[in-house]
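Heads up, there are several structures right after this.
Two complexes follow with subunit A in common, the first pairing it with subunit B and the second with subunit C.
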Partner chain A sequence: MEVIVNGLLTGGLYAATALGLSVVFGTLRMVNLAHGELLMVGAYLTSVLVVALGGDPLLLAIPAALILGLLAYPLQRFVLTPVMVRNADAPVTATFGVSIALQSILLLVFTSNPRSLNAPYATAQLEVLGVGVRVSLLIATAIALAMVFGVHLLLTRTRFGSRVRAAANDADAAGLVGIDVKHTFAMVLGLAAAVAAMGGALLALSYSASPSGGMTWLVTAFTVVVIGGLGSVRGTLVGALLVGLVQTLASRFIGAQYSDVVVFGLLIAILLIRPEGLFTKARRA
Partner chain B sequence: MKLPKNRLMVAAALTVAAGFVLSGCASGGSGASTSASGGPIVIGSTLPLTGSLQAFGTSLQTGYRKAVDEVNAAGGLDVGGSKRQVTLDIQDNASDADKASSQARNLVLSDGAVALLGPATPQLTIPVSIAADQAQVPLISTITPLEAWKGGSSDGWKYAWDVFFDEDQMTDTQYQTADLVSTNKKVALFTDQEEDGVVMGGLWSSKASEFGYDIAYQAQFPVGNANFSSQVAEAKASGAEVVIAQVIPPDGIALLKEMKAQSYVPKLVFLEKAGNTGGYPKLSDGLAEGTLAANWFAKGMGLPDEDSFISEYASQLGGVNSDLGTVVYGYSIAKMLLDAISSAGSTDPDAINDAIAKISGDYPLGSVAFGDDHTSATVAVQTQWVGEDQVLVLDTQGKAANPIVTPTAGLQ
Partner chain C sequence: MRAKTSAVTNRGRAAVAGTFLQYGLPAALALVFVLLAGGLQRSFLNYGTELLILALIAMAWNLIGGFGGQFSLGHSVFVGIGGYTVAVLFDETGLPFPVVLLAAGVLSALAGVILGYPMLRLRGPYFAIGTLGIALAVTSWMLNWSFTKASQAYSLPARDMLRLPQQFQLAVVLAAAVLIIVTAIVKSPLGLRLVALRDDERGAASLGVRRVRTLLPVWAVSGFITGLTGALVAFQQGSLTPAFAFNPSWVLDAIVICVVGGSGTLYGPLVGAVLVFVLRQWTTDFSDWATLIEAVVVLLVVRLVPGGVWGVCESAVAAIRRRVRRGPPDRVASNRVEEEVMANV
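Let's look at the complex of A and B:
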């Protein structure tokens, strides 16, 4: 029971770290290879604010998220969208370049040493019905749930969401009906970066962050998003819980050295059975 | 502007796979100097000045530069009766093995390096050693455990040399240190799947009974593992009072956080590799306070120039720690190479290589004499994190030095 609960809570953290990738994937149709670095930048930004201002890392993750969101807006507006217009495949390469650049900046500013966010609850444990639960993972799961439902509501129940969906479905048509597609796309990356910053702060609270750690988290997020279904925000949550659970069960009963084999085996199996992922409808012809 | 989702997924998968293969692009400049007779002598080095091994690279660079600067300040290196300036040509390999290998070749073929100074760790030193052997130019390396390095050449190295501790001796030190404390002699092993993790994990396992210890729990995990919840629970359930872990620094913090969350406070926690990061207790918000790590330098080892290196670099490097040891080792191997060039009396690579084989003497890292296998073993000691310093607790003779603080303070 303890393994299952801890696996699901680990999945909750994975949801927080994968949500930004899912949003970009689902709306901009873009594989954001800089997503892992956005997580790391979020963690480091929060760490800087904690050192500079003092205070709770979770509270300071909010301004860190705003800062990263503001920084991401012009990246999409003036770099990625113009690249996308010229060549639909090019943004993937561009985000790879952004990933390398961000990693290099982190290394130059903070060296290769890891950073950890500390708070009394970061290493605290609660006993719930006889099961030891790590408080930081409980918090991460709660925040992930809030972010998933918040983003889902934003994209499905607001005028902004309507504009995003219209622009994602057909940018040219959306432009003709007066939607500022470039601004909308930039807002989406800003939102995804802000969400990633929160995810980065949460992972640095439970574990640690390092300039070169982005790739590992990108791969986990990518697995979550593909299993959950491309572009499905709710699918991201379910995919994350599944990945966390399977990984923790595999670590416990087979050995941590085989957990990646099991998780990626699951990914391949799901791609074979349901290539569109668990929560995305198959494309109509 | 739209991509079909299946195309998108294929593109994504291919690009993520490419991401594993590719690495950092930063690189340093290179001089275009040569070592023509009478001109400056070029010594090349490809170092991890960025990337995950940056700490080793920057400390080695400090040591190399110190040795070269001293020679140049004294008027140059005496080669065959004439004083010649030495140019140190350093390039940044961004902790990437392929880049290190190609840079080593370029340093010799394009920049005219007559000899090379190595990067750190087997993952970088082995490819650079292969390049040196192929180019037939001598290379001296350090911060690379000997057995792993020797395993990089099936025929034995010809132009590459390595000065560091031997894994076999190093993996004794954890048990020798544990013998200094009263424990139930149950050990939990946490080793990652990097080459050194596999090698040392095997050695700790096989040696446990020899030292009277029992491996009560053993976990292996991929590098980058963050979720240690089930492993720590099992280690705690096993009742192990000694934890020996071989992990990279971020994974070490994740492990310590999980141990603290589960109130698992072993009497001794050896955090190898991760614990050799300067300022690790601070980086881990105090969790690493009281953890132990094998080391190659500490105050009280009785090494030549120990105090002068401490007074010159300790404050700059945040304490007496492994980074300072890496400076000492970098300085020492650079001095060895300069001595070899001087005693060879020429910049001919074969003459320098022969002179390296004959090195026998004391350097700041200790006594050096190479064997037929091109290695010279130093002695690993054990240190414990106390504030900013790694304090010597097991000396070069395998005996007690300073008292060990137990149980692990950072986990209490």
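Let's look at the complex of A and C:
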């Protein structure tokens, strides 16, 4: 029971960290290899704001998210979209370049020491269903749920959402009916980066962020997105809960040092058996 | 008609000369450097070995990542396997040097076949992150595997260490051999199938080119080369840790070099290795900046000159040749230039 509750809550955190990747993958059909670094930059930005202004890291994660979103907009507009138009595989190299750039900037500014966010509730424990759980994970899960449904509603129930889906489905046709496709794509990455910054702040509350830590989070987030299915925001939530559960069970029964191996093994198994995700209708390319 | 035939034979002669250059020149250069190695300065040998290690990894990656179009983030695994094979075999057995070296390559290639068989079914970003996942999983496995002393350093027994000139000779021979092998593969029917698969998978499939069957041997060769390079790294370092031998920075270096020099070109990795190496020598005092500069250069190259440095040289040479010949434009070359123009619009 304890393992299951903690696993689900870890999954909640994973949902927060994977949501940005899922949004970009689902709409732009682009895998953002720099996603892990966006999480890390979000965590570091929040930490800088906490040091500079003093205050609650969760509140300060919001301006951090806005800043990161604003920084991501021109990146998509002037670098990634032009590359995407040319060749479907080119963004892989481009986002890889972004990932190294962000990593080295973090290394230059903050050295290689891991950093975590401190708050009274970061280390606190709470009784839920008769089980001791970390409050930080509980908060992460709550915020993740809110963000998942917020993003889902944004993409399905608003004019912005229809523009995004139209541009993603057929950029040319969307352009013909007057949608500014470049602006829309850039907004999507901005949104994803903002969500990633929140995710980064949440993960730094429970664990820690480091300049080179992004890669592991990228693979975990990708596992979540693949399990949930391409373009399904709600699937991301389910995938995250599943990954959290599997990882917590594995670290309990196999050993904590192998929990990462299990997640990567899960990713590889899913990619081979059902690359279209567990919760979407089969649609093989 | 007569003029046409003579043009054809001229071209034929040029092709023969070109082939001779492509295979003979690396071999001749290697021979010169191997013979000279005893008389060269230590710093030159050191720098030379380091440069050639970069070039070797880049050439191996280019084979699958450039010509094959499969963006591998897992090549650091091959470096680690090659290096650790050398360390373990020298430590536990008395096998002679050539056997150990060969074993490093063969084991890496074998790992490549085992991993590649499932992985190569994945496409594009799925392949990239799948191989990254494998790299991370193998690293965390190695950090806990007591057989290879887990996270502690595994030293090579001192008696078997290669001295500096010998390391350099080995690096030179490997680099020349790899360049020749890569040239041969790219020009072979297998290489043509590989490029066809990259450029148009459906089209290639309709002509009977099968994905895994084409990619697997290339992936294995790429793993073999990277494993040998890992062995060279082991000799150069004298001891290995998983954090070093399986470090993602190996594949990072390879990709940066290939992109800058020209991914999917024969000599791009060599040009890129020299450029990146020179950049790193310039920035030794502030080496943290080197990575950032490299990343920005990669972004600029991807955005503005997707062919890389060698790609630009090639199209410039083609353009000059056409102007000199003043004949009907070479179809292939003009297509390439058109692509470049389209790309820059």
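By our rule, the second predicted complex is superposed on the first by the 265 of 285 C-alpha atoms of A that agree within 3 Å, B and C clash if a C-alpha of one lies under 4 Å from a C-alpha of the other, contacts with A are read in each partner's own complex, and residues count from 1 in each chain.
Here, a residue touches a chain if its C-beta (ideal position, glycine included) is under 8 Å from a C-beta of that chain, and two chains touch if they have at least 3 such contacts.
On a predicted model such as this, the values are computed, not experimentally measured, just so you know.
Undergrad: Compare subunit B and subunit C by how many residues of subunit A each one touches, and report the one with more.
TA: Ranking subunit B and subunit C by residues of subunit A touched puts B first.
Undergrad: Counting only touches as set out at the top, which of subunit B and subunit C does A:83 meet: first, second, both, neither?
TA: Once the two structures are laid over each other on A, A:83 reaches subunit C alone.
Undergrad: Mind working out whether A:254 is in touch with subunit B, subunit C, both or neither, as first, second, both or neither?
TA: A:254 contacts neither subunit B nor subunit C.
Undergrad: Quick one: classify A:173 as touching subunit B (first), subunit C (second), both or neither.
TA: A:173 sits against neither subunit B nor subunit C.
Undergrad: State whether A:125 touches subunit B only (first), subunit C only (second), both chains, or neither.
TA: Only subunit B; A:125 stays clear of subunit C.
Undergrad: Taking the superposition as given, does A:142 touch the first partner, subunit B, the second, subunit C, both, or neither?
TA: Neither partner.
Undergrad: Have a look at where A:230 lands relative to subunit B and subunit C in the superposition and call it first, second, both or neither.
TA: It touches subunit B, and subunit C stays clear.
Undergrad: Examine A:153 and indicate which partner it touches, taking first as subunit B and second as subunit C; both and neither are also allowed.
TA: neither
Undergrad: Which holds for A:115: it touches subunit B only (first), subunit C only (second), both, or neither?
TA: A:115: touches subunit B, not subunit C.
Undergrad: Please work out whether A:209 is in contact with subunit B alone, subunit C alone, both, or neither, and reply first, second, both or neither.
TA: first
Undergrad: Which subunit A residues lie in the overlap of the subunit B contact set and the subunit C contact set?
TA: 31, 33, 88-89, 92-93, 96, 100, 103-104, 107-108, 215-216, 218-219, 222, 226, 257, 260, 271, 275
Undergrad: Tell me, which parts of subunit A touch subunit C in their complex?
TA: Spelled out, the residues of subunit A in touch with subunit C are 30-31, 33, 79, 82-83, 86-90, 92-94, 96-98, 100-101, 103-105, 107-108, 215-216, 218-219, 222-223, 226, 257-258, 260-261, 264-265, 267-268, 271-272, 275, 285.
Undergrad: Report the residues of subunit C in contact with subunit A in the complex, numbered from low to high.
TA: 69, 71, 73, 118-119, 121-126, 128-130, 132-134, 136-137, 140-141, 143-144, 248, 252, 255-256, 259, 263, 288-289, 291-292, 294-296, 298-299, 302-303, 306, 343
Undergrad: Could you please specify the touching residues of subunit A with respect to subunit B in the complex?
TA: Per the stated touch rule, the residues are 2-3, 6, 10, 25, 29, 31, 33, 84-85, 88-89, 92-93, 96, 99-100, 103-104, 107-108, 111-116, 118, 122-125, 132, 134-136, 168-172, 203, 206-210, 212-213, 215-216, 218-219, 222, 226, 230-231, 244, 247-248, 251-252, 255-257, 259-260, 271, 275-276, 280, 283.
Undergrad: Which of the residues in subunit B end up touching subunit A in this complex?
TA: 1-6, 8-9, 11-12, 15-16, 18-20, 22, 24-26, 50-55, 95, 193, 219-222, 224-227, 229-231, 233-234, 249-250, 253-254, 257-258, 260-263, 277-279, 283-285, 287
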